[in-house]
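Both complexes below contain subunit A, partnered by subunit B and then by subunit C.
On to the complex of A and B.
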């Protein structure tokens, strides 16, 4: 009997345990190939720096992916927020004002993304395509307006650039995200919407409300991520944020996130996936892999991790 | 159950393939390296001399300097193409003689965070010096290098952005050693040479394409110099010989619009300072406009070679690029600084220097590049400088070496020097 219970527990948590497989595999393989450099103090520091923005974005994005949606405007939003934060901070000397502005904008965009799509009966990805175009255009216009290729911040952001600040930010957002996801109606209903939106609606769940709230939380994460990205690079330009939408999706998949969302979604996917994604790029360089082989190896690793973390009997990819 | 086994088997196979690929690549990256030390310099001299049978020969009678081993990271602006192949071939060719191991990575020309991460990865992999070909996120990268005690220098990049907006943070930082431009910082001489060609060949309706001025202000200045030269000609030319130059069109890092040709139906020549091979020529082909003559910058070594001058469809009539051997400028500065030596005549202020560009304006120019340059062939033996000659340019290995000599060396790497 006891053994049966243990087996049941093990089976119930096998998905969670396996989702760590990709990260563990990367850590083991690259620690060997890099001859231990992977765990040097400097390298651990840069891994945290590189993963910080991905992790914060992914923890917000998981609420969206749990509903079975995706947001492709995240990269363009990050780019515009970084530029605006720099311009406003440079003009006023107040980083707080710069951050408050982008936070307000991010909340408005979250509202648009969630509410407008429901009001107009559009899939959320359509509104995110619209926002992506708008923000892409604004980013280009801003750079033309400042008449330079890249604009640097004149405010000392070294306190946000430190490893301590970044770890704290990841931890704080993680605690909030875990609480919201596991212990509030927001997490429960976003997963329910992802499992079956119609059923959730017929069960009395206000899809509009929870959708908007999920996007608003994602918006907050985007604003915070933009702040840390600005702190890290000290500048922003027409290409800032490019590729983040795809990067976040890949990171979540690496973390074992089902693409269609639903009840099997887990908040841990965001952290595991972000670090796996960053370690992959870092480890390949440390291992001395030729740049021409990097893409192929990344694809192989990606496929291997997906296979390892796959939890569905009837399919290969977590759907 | 069978699915589960299949997944696990596939996962193990893929993981094994990944590990094998990684290990193979590791083996390649360090393969052929010799231990550092005095005797190794002689070994490397011999090795490099064996490899060379043309331009890159030991002109010093064998380098006797005791070299010190260094690991240098090279961040290139792209991951493929003849330019990349040539840089890698040259670095590989000189690596034994200069006693340096080169590690390559690909940078972004528009994303600061990517570049910072790539440079951090290079530092973490043990690189003592970094050579970068992109000026994006440079301020934070220089700070990172300073905190890690790693030196940084530029190559194929004018660092215009840093020079004009963050001079003190970059050029003023002791860990940034300077840069060599992609040819000339000022493209006016090429633009004026193209104007002379156009006047001589009698083209009448000219289009001009540039990248946005906020990103490439030197292209805007070059287009203005081109127009000024044509205007000066028009001032004395007969009405029938007058040349019309359309206002420059800015490409927002996207190919030229198809409508451009319908808006200029009489155009017989196009001067594109904005990467014509990638952004303009394919559009010309798609619109059946290869009868328009194209003068541009950059060199792919594909369609631009096949259709240059009197060859192929004769669309390409001129182009300009710079040669990979110019990497010796940042490399020598890095080696010396890592060895704790500097040139006796090294300027106090970090410099941005120019190297002689390859200006191709005739069949003879193209033939010289195709037959005799490392850029086109990726053949180290065709390089302007051998590894031994690079060693002799370093103050730490040759007490007589001077900064002036280094700068002079990279100013003799043009087409005429190939002939």
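On to the complex of A and C.
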């Protein structure tokens, strides 16, 4: 065992191995506990529907987390976009117009998130707290304005609700995200900024520009995720989107993403993490765990994963 | 004369292993009273390992130490300091956001407290007394350490390390962080300790400094002692040559800096400062030509580092322009595009992504040039990085190895490789050989000279006068944010000629 760990290649990939292992473990444990129901055709559909939104959000968010930043406005943004998308689509009869509006809004928010924090010299978590409050407020106002508890979509979105559509969406965004992350300046620079912003800047990287671009890509992902959430639920209300920001963070951590970002970040964390997270929640329910216990168990699993993956390696050679 | 002096610290057959790597192999060392004992060797030769074991930072794998005749095995630096061995380190070691007094008395607050409340007035007064004792009268105990520069903080560490109990002071490459005045304070302290029949262990890369101040010198290589040189031997004219040979293990010859005295260069002005002013520097003008090496020297705080930063768009300019072939430099991204490379003095903080692969670091500035229709082919990246690793002989297993695992010299090579890979033809080097051992230093000087021959323009900012004299076509000495004197390349220039313009 000791010899295995001393193997450099293995150690370099130990983080991703652990997160793959976590996913595998989740699959095995819950398929046994749920007596195989985890893999029933019906449940697989549920899993993909649930994972779709998480995976798309996480693949956008990973660019932000790679820089060592956080965004907590996701949930409120998703909520507002869902409501707006439904309202506009209902009013105009065009889903395209609804989606175009929220996409434009998401891009503007990306700009604000990235640019304003640089201009005002604020940490980007502060601007995201600000956006979170604004969007939370807008969500409330919108619901007050329509004066119902929830708005339902009248447009037929079932073509987006199918498993094929969702799998395609995950696959397309995954291909785009992997290419951007591994083979373009955007991905390389976001990791460099996370590892050492000053060194990146002194290598000629326009930190502001790439930061804004990363937030813009995240914005696109949020808009797409909101579209699929709308398709899945068919309605939106005051509570839509609540908790997504934290869920994404937990999913990324489960996928082996270091919170400080940097060169240890891997794009695979977003996919593995969101599936692990969804299977964990779904599996616990399927196994007949009381809903009131689910949170406690999730917390314990979370703590265990962090202890295994995120602790600093010891025994580094002194100079 | 040495036989009569009492043995203070004796190290016998000390071994230290880090995993499979032996950092020390059967090292014997004796420190006697009244000695300033120099330790010299390349990076990784084991100098710091020996002293850090003696000062309680880590434990030896095997071996025995006797201090003042008794077995010595300190469990921590605090215990070692109380017992009489104190150490000043190369890296910054003060606690930020605390006052000078709180730093000086960290861990001893109970001497100043009643019922758990620290009497900070009393502590500040005591701190002022200590500062007075070390002649650091420009600092006050109640001030925040943040108000002082790196150098002053180093001196605070010095004042903290040397107490009445101190019998042996270990100075570990501290002088590279200090300017001329700071060094003088340290040297005076070392001489005082030696005169009081105590001892100093002095680790430095600077041979001249070692020869000037040490009474005995031990040379290490690869964790073994390769030679002990007495004061008499140090006075021999060929001593430097002999010591270098012991350190490197082969004859590196006399050719250290460039040997020619030809200060000629191309005609094209590639970088120009036009009446540049910022908060400190007023109306600075300078022209750098293709194929020219301009050296800038001075004391710390003379503004020379800011000059380098200005040309890379890192300083806010109140007036004037920095032009690169007629284009104004406004920010770092523009500077890099214009073909300027900058090797920062703060290597680990500003120049390198320590927690990242060597290849990632090398290709970072070149990424825009590598892309094919927005995508960067990994093979191109690897090829560029491997080429540089080979060219500069960076000691590593492969390009995927992390920079944090490299020695100082190899880290600096990575820092150079970034700009060579980019093909930058104006290189600004701020202290390019700081903390780099002799073997690598020689390779760097050769590299810099080759760059000049290729027509690249180099702005070399350094605190080491010898390398400026040895390398520069034009040498500019700065004092109080102004050019005090300009020298042209000549074979007869000495440090003595320069220093009078610095102070």
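Just so it is clear, the second predicted complex is superposed on the first by the 296 of 319 C-alpha atoms of A that agree within 3 Å, B and C clash if a C-alpha of one lies under 4 Å from a C-alpha of the other, contacts with A are read in each partner's own complex, and residues count from 1 in each chain.
Heads up, the rule we're going with is that a residue touches a chain if its C-beta (ideal position, glycine included) is under 8 Å from a C-beta of that chain, and two chains touch if they have at least 3 such contacts.
If you're wondering where the values come from, they're calculated on a predicted model, not measured in any experiment.
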Which of subunit B and subunit C A:292 touches, first, second, both or neither: first
Residue contacts with subunit A in the superposition, subunit B compared against subunit C: B
Partner chain in contact with A:174 - subunit B first, subunit C second, else both or neither: neither
Subunit B versus subunit C as contact partner of A:184, first or second or both or neither: second
Which of subunit B and subunit C A:196 touches, first, second, both or neither: second
Set intersection of subunit A contacts, subunit C complex versus subunit B complex: 316
Residue numbers on subunit A that touch subunit C, as the complex places them: 8, 12, 179, 182-185, 188-189, 191-192, 195-196, 198-206, 262-264, 315-319
Subunit A contact footprint on subunit C (complex, rising order): 18-19, 21, 43-44, 48-49, 52, 58, 312, 314, 331-333, 335-337, 342, 344, 349-357, 360-361, 364-365, 367-368, 371, 374-378, 397, 400, 404-405, 407-408, 418
Contact footprint of subunit A on subunit B as seen in their complex: 3-4, 7-8, 10-11, 14-15, 17-19, 21-23, 25-26, 28-30, 79-80, 103-106, 108-113, 116-118, 120-126, 136-137, 139-140, 143, 148, 161, 165-166, 169, 212-215, 252-253
Residues of subunit A that touch subunit B when the two form their complex: 25, 29, 33-34, 37, 40, 42-43, 46, 49-50, 53, 140, 143-144, 146-152, 229, 232-243, 281-282, 284-293, 296-297, 300-301, 303-304, 307-308, 310, 313-314, 316
